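Labels for the chains are A, B and C, by order of writing; each one numbers its residues from 1.
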Amino acid sequence: MFLGEMYEGIKHIFKRTFTLKYPYQKQLLQKGFRGRHLLYLEKCTGCGICAWICPEKCISMVPVKKDKEYPQNPEMRFPQYWYARCCFCHFCTDYCPTGALDYTPDYELAEYDRELLLWSPERLSRQPTNVGTYQSVIHGNQGVTFEQVTKPKVLAHAADAQ
Amino acid sequence: MTSNPPTSNLTISKTDDSSTLDVSVGPQHPGSGHVRLLMRVDGDYIVSIDPEIGYVHRGCEKIAEYRNYVSNIPHLERPCIIDAIHLNWAYVLPVEELQRITVPPRGRYIATIAAEMNRIMSHLYWLAINAGVFSGHTTIFMWAFGDRDLFIELAEWLTGARLTYSFLPPGGPRRDLPSGFETKLTKLLNYFEKRLVEYDRIFFSNPLVIARAKGVGVLKREDAIKLGVTGPVLRGSGVEYDVRKIEPYGAYADLNFKIPTFQEGDSYARFLVRFEEMKQSISIIRQALEKIPKGPIARKAPLVAPEGEAVGRVESSRGEYTVMVMGDNSDKPYRVKIMNGSFRNLIALPYLIRNVHVADMPIIYGSLDYWPVEADR
Amino acid sequence: MNQEITREETIINKTKSNFPDFVKDAKIDRHLRLTITFDKDHLLEIAKWMREELGLDHLKGVAGIDFPTHKKLEVLYFLGSFSKPELQNLIVTLKAELPRDNPSIASAVSIWQSAHFHERETFEMFGVKFEGHPDLRKLLTLDNWEGPPPMLKDIKFPEIGQR
């Protein structure tokens, strides 16, 4: 009497499984994934538009150590991010007039101390370390699996995550 | 236990009758958000129900007066985060009306494609939790969440985030369709259409589901109009009312689609309305991908809005989402008022759950698709 | 296009001619949006006429707006129609002005049943008393909230520091 429904459920035993075994298999992240921010110190002028537009008010402009000269930023003010509050909307990246902020695929930002979530401008300018490896493939009626696309490595530039 | 079910009137009946037992679904039951339903039970019949809401209230409209128009977008899309594009669009339509800017055609088509993908995602969540888990059907819970993840991956490719898109600031969408997006989306839609046939066989034509949902929680047409309900609850009771047809926004004026309406008004009709809406969304996305024009996607919008009031609305997954924005020549709105589907459908909960068996309560609650975070704001 | 503009103007003319004393202002904001400001003591008559003669059969929401500098509170009712196809895409806004201390207005629950929960919310957020409402109590705030109505503009919240 329930044979139709039971057949529907049982036939899935013979199809491929649909589970990504994180953290050994990570999902491929396309270009423009909204992870943590990347700051180009040589482009930032310290205008503060990112701090004004931030919905959570987690950006504040702070001075950096004077070990390098930044002629485009006379007051030496750079953004500092409080990642406990950031909602990763990236309006700061889109509204920056000089393009000094960029997207990265880093999303594993958890720390054991809350103070370590306050990222200084120097820490924001370090290169990203995460890259996606597996992406989903649809096999028609046989279901969905994951295939390996790239091997994990340290990137040279965020745009190479493709 | 009485042989005839007792009667009660519409408004919340405050019975001090000692013959009923107070059973609390809660104290704050997590069914997609926290809500408390205080049931007054006589044997196996629920005499009346008193919904206590406000467990997730965070002063959304008050906070919106302290943020500027662009910063308000991540804030005002959070009430129903699985339906984020619709909430975003409903807030941005009156702001664009106040600032007198129009979005170019390509931007409107991209917003329509994203909105229909979001409708499918929201209905899959409803199918998994409200229709599946609340009635005890855990297979459809696994299947619907699995297929929803494929749509989330595509949305992540389009907007950059899995669920919290913030995709439509005033003036148009933030990004264009990436190259290769159309092929992958078409492949996913073909796969999903075959999966809908399997969903039909395991859930919607399942004799157990039909026995639990057919004839339960009947909302007649005149009562649906009087109570002012909206969305699939209204269309399941025979009123053909969809904002996409009567006041088209985005690209809906150029696309052909039907509005599924059923006349019976019971929970099974409300289930079928959402099932058919998923099929219509697939057809809308396919047409939009064919007809999308070339050109710019967005216009630059000013950062302030002049004085005035504007009312805009969209058809979200849970009903008609109306937002009133009042500007006062500054960069922050003076008042934002939100009227959403879940809060308007709340009146149907004490109206429908009267004189029913206790086991009918999850089915009726699930068929209304009540999202407490959206209703509480 | 001409026919639709005359439909909105027809509503405005009918309202003004039926209630010449109670309607203070009626205007068209844009295509498909009307605003009618009326005297707050005659809500029930105007509402009943709108539901029965015009066919605006449901209430989408009740909003309150606070104007501390003008010393007034405004209450807005957003109306729509399901049953009349030619009015389905209109939203009519009824506006009433109330004094800021001790605001009260008649309850619209006897005319539109959907006003039940909307009026409860406006009562607790702005302090507006709706006379005739069967169950006026707090809806969204805490059960033991004794403070002033939260949505008023001159409420003082404690300062929370930001790093």
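Rule of thumb we're sticking to: a residue touches a chain if its C-beta (ideal position, glycine included) is under 8 Å from a C-beta of that chain, and two chains touch if they have at least 3 such contacts.
Bear in mind that the values here come from a model prediction, so they are computed numbers and not experimental data.
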Taking each chain's C-alpha mean as its centre, the one farthest from chain B: A
Identifier of the chain whose CA centre is least distant from the whole-structure CA centre: B
Approximate Å spacing (C-alpha centroids) for the pair chain A, chain B: 29
Whole-Å separation of chain centres (CA-atom averages), chain A against chain C: 45
Chain centre separation (chain B, chain C; CA means) in Å: 24
Shared interface positions of chain B, touching two or more other chains: none
Residues on chain B engaged by chain A in the complex (per definition of touch): 67-68, 70-75, 139, 146, 150, 153, 156-157, 160-161, 164, 166, 169, 174-175, 178, 187-188, 191, 194, 198, 201-202, 205-207
Residues of chain A that touch chain B when the two form their complex: 1-2, 4-5, 8-9, 18, 27, 29-34, 52-55, 87-91, 94-95, 103, 135-136, 138, 140-141, 144
Chain B-facing residues of chain C, complex: 29-30, 32-33, 35, 57-61, 63, 65, 76, 78, 82-83, 88-89, 91, 93, 112-114, 116-118, 134-135, 138-142, 150-151
Footprint of chain C on chain B - complex, ascending: 10-12, 53-54, 57, 59, 61-62, 97, 225-229, 234, 239, 241, 246-247, 309-311, 313, 320, 322, 324, 326, 334-335, 337, 339, 343-344, 346-347, 376
